[in-house]
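Paired with subunit B in one complex and with subunit C in the other, subunit A is shared by the two complexes that follow.
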Partner chain A sequence: MDNLNIKATQYTPKIDFDATGTFSLVGKSYPENTFEFYEPMMNWVKAYFEKDTPAKTTVNIEITYFNSSSSKLFFDFFDLLEENNEENEIVVNWIYDEENESAEEAGEDFIEDFENLNINLVTK
Partner chain B sequence: MEKHENKLVQEIEALREKFSKTTAKLIKNVKRQDLIMVRSDKRQRKEYDELQKRLQDVIELQKAQKDLLEAFIKLIASAIDAKSKYTGGHCERVPELALMIADAAHDSTEGIFESFSFQDEDERRCLSIASWLHDCGKVTTPEYVVDKATKLETIYNRIHEVRTRFEVIHRDKTIEALNRKLDGEDKKEVDSWLVTAHEKLIEEFEVVARANVGAEFMKDDIKEKIKSIAARSWVRNFDDTLGLAHEEKKRVLTENSITPQVEQLLSDKSRHIIPRESFDYDQYDKMGFKTKVPEHLYNLGELYNIMVPAGTLSYEERFKIQEHVQMTLVMLEKLPFPDYLKKVPLFSGAHHETLIGSGYPRELKIDDMPVASRIMAVADVFEALTASDRPYKEPKTLSVSVKILSFMVKDQHLDKDIFKLFLSSGIYKAYAEKYLKPEQIDEVDISKYLCL
Partner chain C sequence: MDISLIQKTIEKDGIVFLTYGGFLSQPLIASMMGALEKETETNELSMGVSNNIFTIFIELSQNMMNYSKSSEENSNDPKPEGLLVVSRDEDKNYMIDSQNIISLEDKQKIEPRLIEVQSLNKASLKKRYRELRRSGREKHAKGGGIGFFEIAKRCDKIEFDMKKINENKFYFHITTYIQSNKEKEEV
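Moving on to the complex of A and B:
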């Protein structure tokens, strides 16, 4: 399986998903069409969990600012992770700058919403 | 039939189950949708607050920077004013006067002022800053030149040194008289010779001393007289290469140490020439400076200086004084001004230009001179004429100052339209009431100037 690498733009994050089990999502998320933008990522993740999935998957998310449709997308993404949580070891690191209060709160909310997922809050 | 019914019931049950699952999922989705909206709103609000706060910070920072810049500019101006009592509050008053005229020009739509107006407060600030900085190059001008009050002055007035030589010659004459008497000459004759010789010396010293003050234009007969006085001799018995710093020593001829030596009363010697070292002629040309650069940095020659025809400054010193505008330009053009202040160097550096290319340092003509520079030129001259804090001159009255401005307008050194606006707007009077002494303020018949 190929890795997924998408460069950052002014409005979209840098996406580096490694088939060996390390996912990284860094930047801001204000795509013009959020679902279209993240479609390749979602498809890649679905395929990743279908077969030959590594024993452990680490997801590092460092999104400083995001719009509401990105928020919806993250729910879908976490749903997908949660669905595969039983068979695989998945760790999500929600990384934020200490001064970025809204990023911190968003992380806290996701922890609350996805009780079955192992989400860590990590300050930079 | 029953079988059929059962199947139907099963199907309905299945459908119902599917329906309720879908409904549950839908409800979950709707609830989630609501949650997302509520959270997004909350987050956006927070981000909005944060952005607002940052914007506020930026605005405050910008203001603080503007204030700091302004304070720095005023600091430089006050440093120049404080450096020399001869310029007094010049750097502080010129911006005020320039802005008074510029505001009137902004309000006027007549003549050249039709195209002159401040588009916004920033443009006005540009002119204000330019006039605050118009003399900033003067921080580099040596005090001895700025403050040169007599022709023989370097760091001190060398008239005292010259007077001592007169004293020496005076005593030499007395000794000569005594010797002549010892040799048997007629006592009465010698005494009367001595009285005449002493009187002549005293009179000659007075001529030199009067010339030294430089208050009046030196006439040809005085020039001739001073040349002949300068040629008087005295005998030096001491080595005048002793006690010198190495810089001065470089300029002194070694044969000077041989004594006794016959010296002239006033002389021009190699030690008086201060060479011009490390002058960047390329940059001078690149900056567009046209004023001819004197060969030497200074010529402190005694005769050379006492022969200065008017004022106290030699050619080299006059250049040094005028060089302050070049320095202003060199300094200001190096500063990374923001766009709205880009014209500061242009405005500041043209206040000694005239309308016909006879000014300095770029010999600009009217078309190259922005109205703002022409306004500053008028403000600069008027402030200098009326200033009452210059120890070297009596302040001029309002009417005399206006008259001098009108001469400069006739000579096309100053702009006629700005001069007329200066009078018709009443600014000359408003400024005078604020800054001139009551005894300076007299009636000015502006009507005779307005029809120029």
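Moving on to the complex of A and C:
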């Protein structure tokens, strides 16, 4: 399976999803049409879990700020990860600047919402 | 267009960071975000306050881009334009104002939601936000249906006003207040 690489723009993050099991999402997220923008990423992840999935998947997310539809999208993304959590080892690192309280709070909320998913808060 | 409310806000010892009136597009919003980032850096705002300003500005401007209508009574065609003002008062409280035209149908959707967010404290807002995000009940093509909850979570006060233009169109003006020296007292 091919890797997924999407360059960052002023309002969308850099997306590097490696088929060997390391996913990275870095930047800002407030696309004009959030669900449309992330559709290729969500489809890629679905295909990734369908066959030949590596034993371990690490997801590094470092988003400085995001709009509310991106918040909903990340929720759907975590939901998809959680669905595949039983058969695969998945670790999510929610990375933020230690001064960025809102990013920290967003991470804490996701941890509470996804009890079965291993989400770590990582300050940089 | 009635901008007297916004004008009063500006004249009351306010320092205006940014004003924009007219047609909105995504690249324009991104450019204004660049200007806002510069301003918050120059004024040494904390990252928390800065991010609250950024997120509220994005929500308001994208709402405007996606839902604004022309004032014409019989047309519901989109017209992505309006007025945006970011200002600061002498006590370093920040205000973001937006005004645009909405249809009666959108007014009926938005108004109860705004009244609800105004009535909730921070803890209840957070709870409702997460419930709505989980259910996806209000989700639609362009948004997660949680925008006003996102705004309310990140500001200290929301005021709004809907002025009738004709039977089908209204001026929708919203003001959000963000305190910059707020401690993390309420959870």
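Just so we're on the same page, the second predicted complex is superposed on the first by the 124 of 124 C-alpha atoms of A that agree within 3 Å, B and C clash if a C-alpha of one lies under 4 Å from a C-alpha of the other, contacts with A are read in each partner's own complex, and residues count from 1 in each chain.
Keep this in mind: a residue touches a chain if its C-beta (ideal position, glycine included) is under 8 Å from a C-beta of that chain, and two chains touch if they have at least 3 such contacts.
Source: prediction; values computed, not measured.
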Superposition on subunit A - do subunit B and subunit C clash or fit: clash
Which superposed partner A:Val92 touches (first subunit B, second subunit C, both, neither): neither
Subunit B versus subunit C as contact partner of A:Leu4, first or second or both or neither: neither
Touching partner for A:Ile119 - first (subunit B), second (subunit C), both, neither: neither
Broader residue contact with subunit A after superposition on the shared chain, subunit B or subunit C: C
Which of subunit B and subunit C A:Glu101 touches, first, second, both or neither: both
Contacts of A:Ser68 with subunit B and subunit C, given as first, second, both or neither: both
Touched partner set for A:Leu25, first subunit B, second subunit C, both or neither: neither
Region of subunit C that runs into subunit B when the structures are aligned on their shared chain, from 5-13, 131-139 or 167-175: 131-139
Where subunit A meets both subunit C and subunit B, residue numbers: 65, 67-68, 71-72, 75, 101-102, 109, 113
Subunit C - residues contacting subunit A, complex: 26-27, 29-31, 33-34, 46-48, 51-52, 54-55, 58-59, 62, 65, 126, 130, 133-134, 136, 139, 141-147, 149-150, 154, 184
Complex contacts: residues of subunit A adjacent to subunit B: 65, 67-68, 71-72, 75, 101-102, 105-106, 109, 113
Footprint of subunit C on subunit A - complex, ascending: 9-11, 30-35, 64-69, 71-73, 75-76, 97, 99-103, 109, 112-113
For the subunit B and subunit A complex, residues of the former touching the latter: 32-33, 35-37, 39-40, 42-44, 46-47, 50
